[in-house]
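Structure record follows, encoded as structure tokens.
In this document, chain identifiers A, B, C, D, E and F correspond to the written order of the chains, with residue numbering beginning at 1 in each.
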Amino acid sequence: MPHIIHTVPRPDPQIVAALGKLGTATIHEAQGQSGALAHTIRPIFAGMKCCGPACTVKSHGGDNLMLHKAIAVAQPGDVIMHDGEDWFESNVWGEIMTTGAMARGIAGLVTSGVVRDTEAIHAKGFPVFSQGVSMKWCTKAALGTINHPIIVAGVAINPGDIIVGDDDGVVVIPLARAAEVLEKSLAREEKERVMMAQLKQGKTTVELLGLDKLLAGMGLTEE
Amino acid sequence: MPHIIHTVPRPDPQIVAALGKLGTATIHEAQGQSGALAHTIRPIFAGMKCCGPACTVKSHGGDNLMLHKAIAVAQPGDVIMHDGEDWFESNVWGEIMTTGAMARGIAGLVTSGVVRDTEAIHAKGFPVFSQGVSMKWCTKAALGTINHPIIVAGVAINPGDIIVGDDDGVVVIPLARAAEVLEKSLAREEKERVMMAQLKQGKTTVELLGLDKLLAGMGLTEE
Amino acid sequence: MPHIIHTVPRPDPQIVAALGKLGTATIHEAQGQSGALAHTIRPIFAGMKCCGPACTVKSHGGDNLMLHKAIAVAQPGDVIMHDGEDWFESNVWGEIMTTGAMARGIAGLVTSGVVRDTEAIHAKGFPVFSQGVSMKWCTKAALGTINHPIIVAGVAINPGDIIVGDDDGVVVIPLARAAEVLEKSLAREEKERVMMAQLKQGKTTVELLGLDKLLAGMGLTEE
Amino acid sequence: MPHIIHTVPRPDPQIVAALGKLGTATIHEAQGQSGALAHTIRPIFAGMKCCGPACTVKSHGGDNLMLHKAIAVAQPGDVIMHDGEDWFESNVWGEIMTTGAMARGIAGLVTSGVVRDTEAIHAKGFPVFSQGVSMKWCTKAALGTINHPIIVAGVAINPGDIIVGDDDGVVVIPLARAAEVLEKSLAREEKERVMMAQLKQGKTTVELLGLDKLLAGMGLTEE
Amino acid sequence: MPHIIHTVPRPDPQIVAALGKLGTATIHEAQGQSGALAHTIRPIFAGMKCCGPACTVKSHGGDNLMLHKAIAVAQPGDVIMHDGEDWFESNVWGEIMTTGAMARGIAGLVTSGVVRDTEAIHAKGFPVFSQGVSMKWCTKAALGTINHPIIVAGVAINPGDIIVGDDDGVVVIPLARAAEVLEKSLAREEKERVMMAQLKQGKTTVELLGLDKLLAGMGLTEE
Amino acid sequence: MPHIIHTVPRPDPQIVAALGKLGTATIHEAQGQSGALAHTIRPIFAGMKCCGPACTVKSHGGDNLMLHKAIAVAQPGDVIMHDGEDWFESNVWGEIMTTGAMARGIAGLVTSGVVRDTEAIHAKGFPVFSQGVSMKWCTKAALGTINHPIIVAGVAINPGDIIVGDDDGVVVIPLARAAEVLEKSLAREEKERVMMAQLKQGKTTVELLGLDKLLAGMGLTEE
């Protein structure tokens, strides 16, 4: 049922800031290999990175009425997380909406739809993750929801969950797990740093992870 | 029936030049949300832009015989607009043809096929819009047409229609509507400039477009 | 049957070095329009280039156990050539493996699977050709082969075959044909250089390739 | 611009009836290998066949407002030919519309969109060619055109053109060429009948088409 | 975290039986145009129909360990609802598992993965909805969950939700809404029956739905 | 290099006949989970089944010159195995070629291309496995090979290898392994028959395969 919720739980800004410095792959692993959107959601330009609490939006395919409203509803720092179905021939976001969103301090857009004005969006430095690009118009004719639970690219998202996006894609951190995931991510980063130092000194992952024993146990032979 | 037409109507060069300064999304909207090729046609590198009258070419899939001829038939300033079907495993254009086309002053290539030598084409600064990249060879064995009406990526194109391409894709402006579309595009650009200024001052598109009234009329509730 | 071969025939390093200076499209043509992987295998960033003998690896989809082992098995200068099936939602390679591979002098990775940490890989300058990007985890649970014949993206590859990758994709040169293909590629490059010079002087490919006679013979008419 | 035309040229019913007895592949060949829609347009069940003059309809993706109107505008015997873009997650046609269309004597539907109630449509014996099936709803919110020229799956269609669909897909016969194409199709059918009789007696197409001479001329060797 | 729940809330069997007589498209509309899985989930043969409470299963892509367990965990009448990711080259279900599932009274399978032995499954009369067919093996190496909330093809599903599948796809009815949705579906069916009777008597949907007024209000013109 | 080999090794007809009674999934498992073509190769109608030695054919995409020749080269009982690349908009096989092939006793066609006249082929009872259907014409202009090694849908095939196709897809049995694979397939069939009998008596695969111990060892918990 179409409906908007204005007041939603929000994560600790310090945790959000700390998560924003981590890579999405690290976070995905650290929270138990979960939360990654499907690989079809990509940054519109390499190097884009965003982090913030989700303002969740659900639209009918190829309609951006609720996204216009969401720009007015979202809080500064929010990432607009948009379930716009898989419609590739009508963009739901362009330069005008980017301008409006930036003026309101919005931190980024993740959409299962497609966008336009990618050059201008890139020049303005606004991070956008989408399924593609189309210049074609969309309707402003269908209702939806804002700040209700949604599903984007196979992942369930609640308003206030933390969204992190970079060149590897987009990952969702449930609000309740934010502190735990941050801690585990930092531990994992440290562990990877150590492993990479060992690799540079000539070790292999076969040695570091004990894979030869596993391989032999499975019956692999060599000559 | 295979056939070539050498003399076709051509647009006013000043209008072409003016259209070339506009974005494709603006033009698409200005001419009544029409003329945009399917989203599968992309520039081979970000930042490519082309504008010119169409020299239309129709080939059998995976055959570039007619494209070679088209380079000799097209007028300086023309964009070669190529219906090469949807065949992804044989390129129809590479560095040699780019060199030949540039020597003759051709302004760009749009093809539903795929291309190769993308690095060299990029270095030379020749704009190419295609459905992908493949190094694989194609035949030179099938006839087609040049400067007859064609369809590329869902849009009908006549020789002399104006083709504009940028990061948002490719749009076709019918020759007879060129002046009108230019005027409407400029008006739309101005309108967007005003709107973006208002957005920067804190307005939202909900206010500027009166969307709250629309949303309420459709029965949206908020809390 | 899972098995690893450590000693495989290897090409002449001088021939490998010389092939590495050529474009993949040139090589593909020079060896009789063969050896090109399907167009779905792409460099993860524009401008990547690799050349080296294949260390062939076959895995179950979404499992990178054999790739870890391959980093330890491959010789310096090898390109790891990986048949990882078409599984887009689990990466098989990231920054850790890149670090390990570079420490061992490996020249690049070509995989039918997907990868992660693309930004870090790009920064390190390691060439990777894949079918896409995903941050999602994969298993380390299935055996496979190393240095046995494999098929990647429609092309049969034997260990020691020479792999060349660039912006146009990836081509495989059979070990036994390396010297011949190098010679033919250089001849083709020279021929293209001459043709491009002629094109710059105003010739067309129609003249240079005698296409008008072919077109007329096929029944093409012009007006 | 949204608009409906009620009076359009219509083909000779006897020619339509005769074309309806021919296969689409035969017609496609007979009219010079043209007019075939892309292979993505398929009958929703094997064995469906339709033939009739096109009542052309253009909609916005995922909107069936104009299709409802078209059922009221089309003449008995017409095939509704629908450009509904490539939107797979909202059906534009189901049992209700089938019932209405059959009551008015409409001969079939070809749509680039998707449909639902396929079991009921099949039971009623109404031929439908589409890009897929989805139970999901669509909007009734966007204007379009009826009986204007359209493009469906890469083919230009004018109202009154004859549409033939069967298990091989859908082909469009321009109204002006109907008699000629019928004649050529019948000739081709006869030629194929003769050829198949010869094949049954042990000849091969290599002999009947003289291909060995062609193959040898191209340099093929055998052993 | 891998975990199995054995005791889950279950719907009223009479409501399940009544919903099983309705079409999925009717249910989808009746519950507010929600709950439909993506169009990529299809019955493996036309005419398959299933209805029952969901036993939800989540696996790693290309691994059916949890599905084997689910056959032992599910209650008679359950539909196994399986999030197996989008992996097309390893089946997760075949004749053996069908035999086991039927012996335990399981009502059907819906999987985002692919299956094999389709002929045998069809002959046994067991309804299966999947994304495709592959004979290729899968691993039994990764844990997952049973009777936890999952997402399949874009829809969130809780154990005990009612699953209905037919030729139009698969729809999910939240357990708490079962009675309401049944009632609304029956009302909708009755309304459609009336409408179809009127259509057979010569009315059009334009008249019955008052679309001409809507079209005129939107500015459509006719001639 | 284009070339035809007329004399190739051929399997024992009794082994071919025996393999033809087995399902492809059984054979795929019995020969070590190998030999299965990608899932995109499908029978054009449910219920098609073929078995025979491969007559291997390699063509350029969208060209069937070599297939015409192959009908004349193949031996009675052969399955024509065709690498025709992935070109979906030009069929390479129809009713005429089916008639010719049947007259010569050919047992079936497997092609990575697409076909037409599916209704007529089905009526004649000739098994065809392809990637799709298109009525569109192809060229007869490019050479290729007959009875040389090829790759189709990711699998390497030598002339004389045994091809089995059914509703689960197509599997290739290397000639040298035919007797061994037959024996292992029969053993596997027997094992599955026993297991299915046990399942019908109320056992589960969890019990029969000892999966509970595996699951518990991996750390799965239940409640």
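What we mean here is this: a contact is a pair of C-beta atoms (placed from the backbone, for glycine too) under 8 Å apart; a residue touches a chain by one contact, two chains touch by 3 or more.
Nothing here was measured: the structure is a model prediction, and the numbers come from that model.
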Give the chains in contact with both subunit A and subunit C, ordered by label. B, E
Mean-CA-position distance for subunit F and subunit B (Å): 43
Give, as an integer number of Å, the spacing between the C-alpha centres of subunit F and subunit D. 31
Subunit F, residues touching no fewer than two other chains: 38, 86, 88-89
Let me know each pair of chains that touch one another. A-B, A-C, A-D, A-E, B-C, B-D, B-F, C-E, C-F, D-E, D-F, E-F
Mind pulling up the subunit C residues that touch subunit E in the complex? 60-63, 85-90, 139, 141-142
Of all residues in subunit C, those that touch subunit B in their complex: 23-25, 28-29, 33, 36, 38-39, 42, 46-47, 166-169, 171, 192, 195-196, 199-207, 209, 211-212, 214-215, 218-223
Under the stated contact criterion, what part of subunit B meets subunit C in this complex? 2-6, 45, 65, 68-69, 71-72, 88-89, 91, 94-97, 99-100, 103-104, 114, 116-120, 122, 132-137, 140, 143
Quick check: in the complex, which residue numbers of subunit D touch subunit B? 1, 32, 38, 86, 149, 151, 154-156
